Amino acid sequence: EPVTATPGQEVNAVLLPKFLGILPFDQANRGAQEAAAELGSTGKLEYIGPTPENSAAGQIEMLTTATTQKQHVVMLSNNAGDQIAATAEAAQAAGTKVVTWDSPIPNGAGESFFVAQVDFGSIGVVMADMAYDLAGGAGEFAVLSASPDAANQNAWIDMMKEALKGDKYKDLKLVDVVYGNDQSEESYNRALGLVDKYPDLKVIMAPTTVGIVAAAKAMQDEGLCEKVKVSGLGLPAEMVSYSLNGCAPQFALWSFVDLGYLTYHASYALATGAIKGEVGEEFTAGRMGTFKIEEDPGRPGTKRVLMGPFTVYTKENVEAAAN
Amino acid sequence: MIGALKSWEGGLLLVFLATLALNAAFAPEFLTVQNQINLFQLSIEKIIVALVMALVIMNAEIDLSVASVMGLSAVVFAYLLNQGWGGGGALVVCLGVGLLAGMVNAVLVAKVGIPSLVVTLAMMIGYRGFSRVIVQDTSLGNFPEWITDLGQQGLIGPLPLSMVLFFLLLVGLGVLLHRTGFGRQVVVIGTNAEVARFSGLDVSRVKATLFVMSSVISAIAGVLYAARLGSVRGDSALGFELDIITMVLLGGVSIFGGKGSMMGVFLSILIILNLRNGMALLNITGHVQTGVIGILLILSVLLPNIVTELRARRARA
Amino acid sequence: MTSAVLELRSVAKSFAATAALRDMSLAIEPGEVHAIVGENGAGKSTLIKIMTGVYRPDAGEILVEGRAVTLRSTQDAQAEGIAAIYQEPMVFPDLNVAENIFISNRASGAFLNWRAMFADADRIVAQLGVSLDVRRAASGLTLAEQQTVEIARALSLKVKVLIMDEPTASLSAHEVERLLSIARALKAQGVAVIYISHRLDEIFRIADRVTVIRDGQHISTRPIGEVTEEGMVREMVGRAIDSFAVKTEANAVGDVALSVQGLGRAGVFSGVSFDLAKGEVLCLAGLVGARRTDVGLALFGIAPATEGRLYLHGAEVRITTPRQAMDLGIAYVSEDRRKLGLAMTLPIFANISLASLRKLLGAFGLIDRKTEAAMAEDYRRQLDIRAPDMRIEVGKLSGGNQQKVMLAKWLETKPGVLIFDEPTRGIDVGAKAEVHGIIRRLASEGVAIIVISSDLPEVMALADRVLVMREGRQAGLLDISEASQERVIAMAAGTGATEAA
Amino acid sequence: MTGLFDRVSPQTLRLVALFLALLATVLFFSTQIEGYLSARMFNRISTSAAVVLPIAVGQAIVIMTRNIDLSAGSILGVVAYMTGQALGAMPDMHPVLAVALAMGIGACAGAINGLLVAVGQVPSIIVTLGTLALYRSFLVEYSNATTITTASLPAWLVDLPQKSLFSIGALDVRVTVVLALAACLAVGLALSRLRAARKFLAVGSNPDAARMAGINAPRVVFVAFVLAGALAGLSGFIFLAKFGNITVVAGLGFELKAIAAVVVGGVSIMGGSGTILGVLMGAVLVDTIDNSLTRWELVSEFWRDALLGMLIMAAVTVDTLAARQLARLRGRDGGGQ
């Protein structure tokens, strides 16, 4: 039976995004603040992050500082890959819990558990499915990712490759994976590079919110929307026009507000000792209901809390979500 | 000159003490031994390279490729370990990588005569590219435990290997710069390379030596980086060059060469590390921290200029 | 009231602790050539820079045609009709010569007309009687050519007062003549010319009035007719100085130290041959651009020779780097103190030890700082370098003292062959006499000496033999007994009979 | 023959060398990439170079005065964001006004740099290293994590990148490209024809001499930074139009792209010399290499940076050696008269 953490305790927590200044992380912060208010934590919830160009080193620095400050829990959307593992282990050893969300520590070292927005396997399947639909079941498609170092994107792409082995997708061919480093102009140029390099390309799959808009804009600018469809993970607010004009008829995403909300609930429960962070434990997370800690199938030996579901946006539902 | 230098370092010392006092007053965790060590450890690779960068800038050159060499060396180190090499062998190869990178820079700058800003800007892209070629989209970890221990744990008391190395280098390079013939040549060439040439100094050899030194030390820093973090990626040490140059310039080393001291660089390192640490402990986010360092950098030159100007005005009045 | 076109009243200017000018008053009349003389560091250049708005005086007034003016910048000064040719040539290496000439010219509209500009530049350069390609970039111009550009620049401006701060320092006799005639022409047009020079003979030939300053103070202003050279020098330095004896016969000399046969560098100079004995002074004379400096550079390995043979004490040697030259005991004292001679922001002692650092190195390459300081002190005494402390920046010294520091640097290498390139350029009579004294002393100690000089009286005072160069070739080699200023000039210009040595 | 060789200035020789390098690059890739010599490729490269070009020209002006502007990328980001926001709030703003606004914001940022360098006498590398961080921090703070999206922008702006001003055969010449080229042309002409603009070169060539020659060097440097800011602003505007979605990372690293273009374009990093035509070719060359590597089947994605770095280095080395060799040949000719 699920435990409910006692509200009103002192939990000093840090919400540490990949970097500050973009919308999804701000939304997560909103969710976390909402949860903190709901739980009436007498401690503080800090929302701090590094600069985009100093993300990996900055996150390591901030996690170390949080440990020094004896924060009870740090909620980390990891952008430093395994490089942060040693720091996270040191944090745990000093009594600061590390809960990851959005992007985990790939080898799981030093992380209590990972609050997964969606099942990484299923997002792989969904991406494969969206590509399948948009390509009409057969043809070439390519991936435009963030940076080669982005752990979550890499995991999703791997899962997608796994899914593509299924019989259904045998006529679908993944021809290339390129990286736009989450910068508009690089993503835009890489997208155009793809269509030039592969004249028969039917779909560009961009599992990054920056990449997907840049690719959609590129196809629209070059009048290629009829020929090459863009899909992937995008924010409805940013994608609405491309969704409506057919450049990106389908894409997926989950709620970052909910992700922040759930992450805070889980972290609060962990920090107050209501849960230990063991597989099998269940806890309640306010308006979102009950969640369970389980093995992370994508990363053997690590634990996750699965939020789900995600929404596939099409021109039917995108406008409502955009506002 | 001596007087001016003294007062410059005096100023830095005051700023440093003020930072210490403020941190101690506002952040209760500041004065713990662990925090003091962390504060160095978090930027240890940068501050090690800053020491040698001071010499390069003093020589009126610049090396923008240091962070890329660091990343490349870290990646090569990790790659070899994953290929089953021993730590020692991998280290030697990394030194070789640093040597090679340094020699390429050195030949292009000192022999071909292309401005170092240009050479190292291109090589910054190039060397970074090679580490990408090696790791692609993966990360390399799983080092033998003794390596990560060396990178993370105390070697002499609580002082980790990298900090010991830093202090050795600080003293070593300080002596090299201020007390030896080589150091004198570095300064003279930085002041006026033609005068040095007309005095029989081998300008290109000194320059070449510095670029090789800079890359080799960057390569060592890269290995330390890998050992400290236990894992590397293609973007390891990305963008470190700006922080490193900031440290050197704030230390009073003239970007036009010929002027500066190791003491100044050390003080500026202390200031930047403490300031960052203090701000982090006060939960000030990354971009504000960066902004504050940026302002400090500008003020460090602007304020003395204003004072001089005011003095001149007063004298005229 | 005064008729002065430019007047300074009680002007003072200090740099930190040094008072460069105190209570300086001076009036310049229209159409006069007004010479200003004084020792190195007397404050002449500072005075000029105040007149042209580069510096602002700490106290005192500047009047132009009776109006008090404030000169905030060189533009202000140019607007008042005051322009200057500075002591250190100021050209823009990346711009072409024509543009260098017209850079300050604001009169000719917002748009450039290159064709017209080249034509005008050609005209002005021709007026100076020099051949100079106005389309070429100014980089690589010799000091003298740079000076020409500066003079042309000042001529292109319509000025009331033209200041020349040691304009002839890097000119040889031929060009000096031309310059003096330009000054006279300007004077005839009613332009006031302020003329600063350490070459007193020029002053007597051109000046209407002479002002002597010493230690930043005005000593006297007199019509030229009322001054004598001795009197002027006494006022300048506060004591009497032996004027230069002209050498009439060569010193007794020892064995041949350096033998040069058919030395040349492709496309630069060729066919230079001479034997230089220990204790002998060989002077290289010639017009500007005769490539004398290049001979020095070849001997010192900076721009190595590509043809010919070199023998040092009888053994054939090849010199391709300065290091090699220094190891062979050759030293070269450059003509360009600022750019090639001294590290201006470094202390005096570091400059003195620069060429002999090796000697000071102990274990681990550490510099023996005590010996270094002692070395500097030694030269301070030996050469009478006037500085409060050997740790101050060499750039803060006066020209003459800088020259001595540069000399000290090379003396410390204990050279057997010492090449001086324009050893007294820009230094005052007192310092000049001292430098000459040093050169003579070195010669008497058995050092083989080459002096490259554009100052003919200097050549006559120092040389045992004179090698005259013209357009990169050896025009002749004269024993001092057969040399005269006229003969050297004729040979250098190619107008007299050319005789091979 | 010798006559012609002598009359051509070193600058011109550099340009010829650069043009040959560009030609060689294009020819090489045309053998490697199918359909390379096409109108489409022209569009790709021209529109992508159009973003970098103004900022590179601005950088060139600053470098000509013997300074450097490391903050250009941050200025671009700030301008793209603020202009996008203004256009979102006032969709009826006239396009010309929008461009002026972008350039104005950029000029303000440039003016701050300029003041600190010219009046504060702080070396430009220090100032702009500082403002590189500061302007970006300001943007993070100011944007409040909201993104400018295409949806919020007026339609004319979103459509601007596809708009061609005219076509030469199958080659479309897009408005953004014309805008960038116009900036190039204006600055290029000014630098060769306008007396005031020559001062940039004079100051960079010899700052002391500039002062002595009555040039107000601080003011010239100030103006250079303001112009560089304004041109970074123009790049910001084109960036905004082209990519539509502006986040806080917009323009990150553009200062290095600009410097690379300038340096490859033969502008001396020591100030005083260089041509805008060179910068144009430098920008196009770097962009061509980058764009072509993306499309080259033989190299994987992961080789791109390594090759880009090496090719830039190669271009600069060849240029330096060739220029020196030519100068030497000429020196011999000149000396032998």
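Every chain is named by a letter (A, B, C and D) in the order it is written, and numbering of its residues begins at 1.
In this section, a contact is a pair of C-beta atoms (placed from the backbone, for glycine too) under 8 Å apart; a residue touches a chain by one contact, two chains touch by 3 or more.
A quick note: this is a predicted structure, and the numbers were derived from the prediction, not measured.
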Count how many hops through touching chains it takes, at the least, to reach chain C starting from chain A.
2
Considering B-D alongside A-B, which chain pair is linked by more C-beta pairs in contact?
B-D
Taking the mean of the CA coordinates per chain, how far is chain A from chain D in Å?
36
I'd like the Å distance between the centres of chain B and chain D, where a centre is the mean of that chain's Cα atoms.
30
How far is the middle of chain C from the middle of chain D, if each middle is the mean of its Cα atoms, in Å?
44
By residue number and range, which residues of chain B touch two or more other chains?
132, 136-137, 287, 290
Residue numbers in chain A touching 2 or more other chains?
20-21, 51, 53, 148, 177, 179
Two-or-more-chain contact residues of chain C, please, as numbers and ranges.
none
Of all possible chain pairs, which ones touch?
A-B, A-D, B-C, B-D, C-D
Residue set of chain C touching chain D in the complex reads 52, 54, 73-75, 77-78, 84, 86, 90-95, 99, 103-104, 108-112, 137, 153, 266-268, 472
Would you mind writing out the residues of chain C in touch with chain B in their complex?
14, 56, 58, 302, 321-323, 325-326, 332, 334, 339-347, 350, 354-355, 357-358, 360-361, 364-367, 369, 391-393, 409
Residue ranges of chain B touching chain D (in the complex, touch as defined)
108, 112-115, 117-119, 121-130, 132-133, 136-137, 242, 245-246, 249, 255-256, 287-288, 290-291, 293-295, 297-298, 300-302, 305-306
Inside the complex, what are the residues of chain D that reach chain B?
116, 120-123, 125-127, 129-134, 136-138, 140-141, 256, 259-260, 263, 269-270, 300, 302-310, 312-313, 316-317, 320-321, 324
Chain A partner, complex, touching residues on chain B are 29, 32, 34-35, 38, 42, 132, 135-137, 139, 141, 148, 152, 228-236, 238-240, 276-277, 280-281, 283-287, 290
